[in-house]
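A short worksheet on the structure shown next.
The chains carry the letters A, B, C and D, assigned in the order they are written, with residues numbered from 1 in each.
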C-alpha cells in the first residue's frame, strides 16, 4: 500500500478489520437509536400530529439520546453519530477519509432504520411526518442555513474542547457536555429549522416520510459549521501538552 | 456444593449471607422509592386524575429517582432496581441465577410496597390508577412490545457501557448516565405505553390498582430488549483491557 | 473540658473557633440563597399570585440552588443547609450535638433572611405568600407527614451514599446528585405538601408570610425521615474500607 | 516596565502576546454564542413576539450555552464570558486590570455580534426585541438592582467555589455547575428583570434592539454582586492548601 493509501486510511481496511467493522456497527446503532428516540419524542400519541410541539421535551430527548449513545459506544467508534462531527474531525486530520466515508454511510443507514422502526411503532393517525425537519414560518433557506451552520459549529466546537487529549479533566463529563449541547441547539432551533444539527438525522426522517424540502440546508449547514469549528479549534485553541504548562 | 450449585450461585447463600441479604434489602428499598417518587409524580393533586400528563415532569421524576437510588445503594447491590437489568446482566454471565431470581422478587415486592405507600398518601379523588402503565390510543400490543423492547435495550446498553470494568473514566458519571437514560425512555414512551422500561415498576402499579391489561408487554418487552443489549455489548463492544491499548 | 463536653462538641467552640464561625456563616448564606432563589422561582410576576405553579420550574430551582450552594460552600460547613440533613448526620454520629444546634439556628435565620429579601424584591400584587408550604387539596396532615418523611429519607439516604468516605468515586458528582434529589422531591411533592424537604426552608417562608398552618409537619416529617435514612445507611449499607474489597 | 505596569498587567501585552490574543478571541466567540443561543431561544417563530415566554426553556438555553462555552474555551481564557465574573475575579486579584478591561470589551463586542447574527436569522414578524432585558410589571429599578445583584453574587460565588485551586475534586464538574447556576438565575429572574446576570449579554441585546431602559441596572447589579461574592469567598471561604488538612 502506498503513501496515498495510508493518508486515505485504506490500511484500516486491510489487516485487522475487526475494529472498523465494530465501529461502523456502533455508528449504525447509534444513529438508529437517535432517530428512534429523538424523533419519537416529537410524536404526540394523545393529541395527534396537529399538536404544538413541546420544545423542552424534544430538546431533552435528542440531547439525552446523544448522551446515552456516547456512554454506550463512544469507546468503540468515537461516538460521532453525526456526519457533521465526522466531517469536522476529518478536516482536522483526526479521522482518515476512508473511515469518514464509511461512518457517514453507516450513520445515514442507521438513521433511516430508526425512523423506519418508529413508523412501525406509531399509529398512522399520530405519525404525521415523524419529526422530519423543515423551515419555520417565514424562515428563508439562507436563514435556515445560517442557523444550521451555527448548530454544527457549537456542537463540534464543544466536541473538540472536551475531547482535547491535553485536557484529561474533561473526559469524565464529555458525553454529558456533548449531549447537552445537542439539547441547547434544539432549544434554539426547533422552531427555526426543526433543528437537525445532524445531516443523518434529517436524512433518516426525510427518506421515511419522503419529504425533501430544503434538504440541502441540513447537509450544508451542519457540515460547514462543523468543519469551521474543528479548524478554528485545532489551529487556535488546542490545549498545550502538559509539558508546556508552567 | 457441586459444580451446578456454583454456577447457579448457591454458594452466595451459604456462608457469608450478609452481603446478599443487604443487596436484596437494597433492591427492595430502591424499587419502593422508584414507584413512590416516579408514579407519585404522575399524580395531579390540584387538577385530579383527568388532567393531561406533563411528560417532562414524569420523565425527570423516574430518571432522577434512578439516579438517586444508584447514588445511595449502587455499591450494595449493583443498583439494578429493574428485572430487565438483572436479566440482561444474568444473560451475560455477570449475575448468577440464584441472585437474579432473588433480586427480581425483591424488586417486585419493593415496587408493590412503593405503590401501596403512594396510595396511602394520596386523596382518592386524585389517585386515579396511580401511574399504572397502559397502551396509548390505537397503539397495538405488538407496537407496545416493540417500544418496550427498545426501552429495555437502550437502558441495558448504557448500563453495560458505563459499568464496563475497562472504562474507569465512566464510573463517576455512571449513575447520572443511567438515570438520564431512564428519563430519555419516558420522554419517548409515556404516551405510547406509559413507559415502563421496568417490569417491576409496572407490576407494582398493577397489583395496587388491580389493572392487568396487556401486562405481558411490560415483562416481555424490557426483558427481551435488555438481554439483547447485554449480549450484543458483551460479545461485540466490550472495551479491551488497558494492556491491549496501544 | 470533660468527656461529656467532648461528646457534645464543646471543644469545637473553644480554641480555634474560626472554623465553626465560618461554617455557621456558610450555612446562613446557603439557606438565604435557597429561600431567595427557590421560593423566588415560585413567584409569577407576569400573571400574579393566582397563577398555576410550574412544578418543573420550581423543582429545578430548588434543586439547582442546592447544587450551587454545595458547590460554593460545601467544603466549609459540609453544605447541609437543611436541619433534616444535620439531624440525620448527628444521629449517625457524624456531626456533634453543639455544632448541629448552631447549624440549625443559622439555617433558620438564613432562610428567614432569604424570604425577607425576596419580599423586598417582589411587587405586592405578585407576592402572594411567597412560596410558603401548605397541604394540597384534601391531603391530610398525616398524609403530608408521610410524604415529608419520604422526602427527608431519600435526601439523607443519597447524602450518605455520595459522601461515604469509602466511595471516593462519588465525590465529584456528589453536589449534583444531592441537588437533583431535591429536584426529585419537588417533582413528587409540590402539590401534596408544597414540598419542604427542609424545615428551615418552611420556617423562613412561614415567618415572613406569618402563615403557620400544619407547620409541625415540615419539621417532624423531614427530620424523622432523615434520621431514619442515616441510621439505616450507617448501620446497613456503608461501603467497606478499600482494604476489605477482595 | 515598572512596578505599576506589572500590577496593571501590561507585561501580558508585551512579549508573548499570542496567549492574550487567543483569550480575547475566545471571550468574543463565547459571548457571541451566548447571545445567539440564549436570546435566540427566547424567540417564538411559530407564535410570534407576543407569546408568553417558556421560562424553563429560556433558563436551560442560557445555562447550557455557558456550559458549552466553558467546555470549549474555558482553558483558553478562563471562560468568563461575563463582565461580572471578570470584575469579581479582578477584585480578588486573580485577573490583572489590563486583561480585565480587554476581556470586557471583547465580551460586549461578542454579545453585540451574537445579537446581530440572531437578527439576521430571524423573520421580522417574530423578532420582537430579540430578548432584550427589561423590568417586569411593577418591578422597580431598585428591586431590579437587588435581583441582579443576587444573580451576580450567586454566579461568582459558585465560580470561586468550583475553581478554587485547593478543591481539585470540583474541577471535572465545574463547567456544569457554573452553567446550571446560570439556569438557576434565569428560573428566578426572567420575569423580574429579564435575567441578565451578565452586563455584556444585556448590552448586546440593547445595542441591536436600541432599547436602553434601565440599562444601568444590568451593569451595576451583576458587577456589584460579583465583586461582593469574590471578596467574601477569597477572604472567608477559600479552601486551605492540602498541606493544612489534618
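Definition applied: contacts are C-beta pairs under 8 Å (C-beta built on N, C-alpha and C of every residue); 3 or more make two chains touch, one makes a residue touch a chain.
Remember, predicted model here, so these are calculated numbers, not experimental data.
Engineer: For subunit A versus subunit B, which are copies of one sequence, does the interface use mostly the same residue numbers on each side, meaning over half shared, or is it different?
Structural biologist: On the two sides of the subunit B and subunit A interface, the residue numbers are mostly different, under half being shared.
Engineer: Could you pull out the chain whose C-alpha mean position is farthest off from that of subunit D?
Structural biologist: Measuring from the centre of subunit D, the most distant chain centre belongs to B.
Engineer: Given that subunit C is a copy of subunit D, what angle of rotation, in degrees and a multiple of 5, matches their CA positions?
Structural biologist: 90
Engineer: Mind checking the centre-to-centre distance between subunit A and subunit B? Centres are C-alpha means, answer in whole Å.
Structural biologist: The computed centroid separation for subunit A versus subunit B comes out at 28 Å.
Engineer: So what's the Cα centroid distance for subunit A and subunit C, whole Å?
Structural biologist: 40
Engineer: Going through subunit D residue by residue, note those that touch at least 2 other chains and give them in order.
Structural biologist: In subunit D, the residues touching two or more other chains are 56, 172-173, 176.
Engineer: Which two-chain combinations touch?
Structural biologist: Those chain pairs satisfying the definition are A-B, A-D, B-C, C-D.
Engineer: Mind pulling up the subunit C residues that touch subunit B in the complex?
Structural biologist: So the residues of subunit C in touch with subunit B come to 52, 55-56, 59, 136-139, 143, 146-147, 150, 154, 157-158, 160-162, 164, 167, 169-170, 172-173, 176-177, 180-181, 183-185, 187-189, 191-192, 233, 236-237, 239.
Engineer: Would you tell me which residues of subunit A are touching subunit B in their complex?
Structural biologist: Spelled out, the residues of subunit A in touch with subunit B are 22, 25-26, 33, 36-37, 40-41, 43-46, 54, 56-57, 60-61, 64-65, 67-68, 71-76, 117, 120-123, 125-126, 171-173, 175-176.
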